[in-house]
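First the structure, then my questions, so here it is.
Which chain is which? They are A, B, C and D, in the order written, and residues in each are numbered from 1.
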């Protein structure tokens, strides 16, 4: 395995941040959640954690942002810990070939979402965790997991974002009701969707997110909430399904497992080498951070960190 | 990177071959190509090539079989060498979320196949290589590529299988004509489909196939027909799209880039570690080798060779 | 226009009722609404109203049943009276080529249901009527419309059926929420779906339903709540879309505008000649009354009442 | 049945022709068949045949045009005469809810086209007629049928249009090959598609077409190649499926069975009252004659000839 000198890495991050600061075409922040639409697209941050415990960062790496769908990685980890392989009776493991919020394949597949990283699948995962609990307990467990993984207690839910999502949750509610019609929802829709909207509204900075991802990269000296074999499987799902209908393109260009959120964040994992978080609020046509994806491609090229050779 | 002792590896392969010989539920050989339906499902072979040049094998590893869709990996390598990124104007890079021979997404995407490993995409790739050449030239180039990569001149096309495919090529012809209707076919349909049916009818043994895959694993001391950055990208496509609508499941269970064929073969790549070929003719519901996929999962578990950590 | 002697007609109805009483394959009552699943499939009724004011009937023609989706004809008439052609901004006029409760075309058509007689379309129509009113006002208006059209005040909503529908309304709620996500729902989902479930639970007998349909047949001497040009258009929609994905088959076999409900009723219109209602609770694979459809085909053959010559 | 005075009818036709001559937005002639794209969109013709044997016309009613898909009505009549109800094992009777050349529903329905008036269905019908014959025999039979029905021997196939269609038949060939893959094509694809392209290239004027449609309207004193019960069923299919994905709209606006062709012609049937042909080459977004559809709506309003009351 080639190694990259940390000093060189810092230069790479600085160069990326500099180049992204100058970018003119920055994409559009998500508008379907009004609260997210207010975030300035001028921002860009990047942070990474290394096996030796070092943390590097550049740009707005300390600014908190809404992690949105990146939360799906952590709720999946929690759900697998709780239910084990029984979870896969409720959600599949295949790329969907469709948009993040599509309901078409849900009808074709009789209420079983294609994977845990499209909205329907993540709602099923949240519903599975919620079973027998109250939403506040589930959210507390998620925050505890994130704080433990990041070793940072300053991670919270942005209540105004959660409220904004809840007020515009018709499509997610449709997905939940459709699953309920097929017997694939265990809790009242309002409870599950309420929990889901709050989990998406967790706020973290790039630094916090990169730290929270260390366990997925298998970095030494950090908390290990999940077994190695399960980590591999979560990474596999991130690689095949982590960027909705642009997952293949991300694998092709970057070659690392990753998960994006409409808040503009991306968490990427270079197994054994680094946990990486980037953020820039403007999205591309597929709903992934435009500059974030470009930064990851730049970083991959500069470091050779692809899992593919 | 953990290393596995070659002696241990041979024991693992023997154990796999032994276990697969005893399997009772072996899947069903493909029947839509009559010539393939005649192959006995009792067979199983596995072979792998290592960085130190060693070759290990077990079972029917020297028996030639029809590589079928595994040929798509090599025609993609040839096409990228010939056209470079211009190829991506004719075919996408996303998992399809549908069966290998589905025409639905082709209508939705206006004649652009979702990726080069579903039938429509592979036909477009063959059509791109064929441009300005005769089918026999293209097939000669493919054989030359395979013989060079495997360092073995005893690789041929099975003419009776090719004829059987051509006699049952209605669905592939429909895909080609549909692309032609959208301006995404450059040669007469009969030429492209004729070439495609012959490329699928290449016969190789597990040993030959594992040797031909060494360049994708980046093993030292073998011919290098493709640049490292392009190898990474081919591997990425194999991981996200190599097993049709079971690609996510293979990534989840095995964690290696792979490509299956309806002849029952699978080529899998552990970058830097091994090139692996398995074969057993019986297929599962998704059209991939049933015992082959199980053997790969067994091997992955025993070696820890996942790209995901 | 050929005329059929009323005495002959009564013989035809008696023969139909006799033949249907003896039928062994009677279909299956709807089970997804438990209250409907309890109705005995042994029943069959038929009634018709003629231009001279005569009413003929046979079998269980006086037994009330749940009209279910047949209510969509009457809410459409009310909505067109209230909104006129503006209604067509919210719902289309084309056959859907899909099941009554499919959500697929709704995604493809961005929240605009294909026609007012599939569930999504009928929910949009109810939502349009509800605008600015309370559910009880809308339901009172519907009952008033039906009582006036049938000249019979003994028409009511079965509250236990309405409650049963509400308790199993996940799929309809999904359709409503999906439309809400596309801005095609004006009232809170619970209000619209609550109204919709109650309108479906109206109870009528074949005699009452045939009487309520007289205005669509343009029979003289009955109340005229809708203009002739609008009646033609409602009949056109019944013919092209009235039996979900079996509409073409009903047009082919019977040749009359008709609307079926999962309660087992069918209202059919022979313009200028008769208003016809049949009922038998067992459904065929498309969700239409099995014996009802057969009875209509028999009646059409015996009378030659097709609109097609 | 109301009657319209022939003198009044002539005035109505003149007014329609006058109004259509002045129309500025005339739609676009079909361009995917180059030969059709050369026809001037300035033309408009209308003709009708009445029960008393009178023929009325206005505008370019004597100008021959390519009847294209209107030929599907006549090949269906021939196929039903030859095969009877056995034809329905190869093609359905339901509106497709999709474009005329869509292949999506063909995959969903395993090679059985949804109805005989979309391209796939018409190809299956032609294939059924062709069984055991040569293309020239089938085309001779079609011409003979048309000449007999119109009582006019001057009806021919435009060879240059047929050649132009054949040169651009990729999509239709895809449909045929897809059906072949499902065992729903009996002849070599080239024979069936060759026949189909020629049948679409029949040239007729509005006057000839209206005369050829008299039997469908059941007008007295004309040849009767088809039984009354079968006529009703062909009319039913025209009403539910005759205008592709605008069939519901035509039924709603015009209320008559009709069949359109991309040459700009429409044949409409007012059972017992009139056979009507209109023609104007410019098409609307659904592929039907723009002015033709408007003229039919105007005529329907003026005469009250709807089948719906």
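The definition used in the following text is that a contact is a pair of C-beta atoms (placed from the backbone, for glycine too) under 8 Å apart; a residue touches a chain by one contact, two chains touch by 3 or more.
For each chain, UniProt lists the protein as follows: A, B, C, D = Glutaminase.
The model shown is predicted, which means the values in this text are computed figures rather than measured ones.
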Most distant chain from chain C (Glutaminase), judged by the mean position of its C-alpha atoms: B
Cα-centroid distance, chain A (Glutaminase) relative to chain B (Glutaminase), in whole angstrom: 32
Where chain A (Glutaminase) and chain D (Glutaminase) are represented by their mean Cα positions, the distance between them in whole Å: 55
Chain A (Glutaminase) and chain C (Glutaminase): spacing of chain centres that average the CA atoms, whole Å: 48
Chain B (Glutaminase) residues counted as touching two or more neighbouring chains: none
Graph class of chain-chain contacts, one of line, ring, star, complete, other: ring
Every chain pair meeting the contact rule: A-B, A-C, B-D, C-D
For the chain A (Glutaminase) and chain B (Glutaminase) complex, residues of the former touching the latter: 1, 92-98, 105, 114-115, 216-218, 228, 231-233, 235-237, 239-241, 245-249, 251-252, 255, 257, 269, 271-272, 306-309
Contact footprint of chain A (Glutaminase) on chain C (Glutaminase) as seen in their complex: 102-104, 106-108, 170-171, 173-178, 180-181, 185, 189
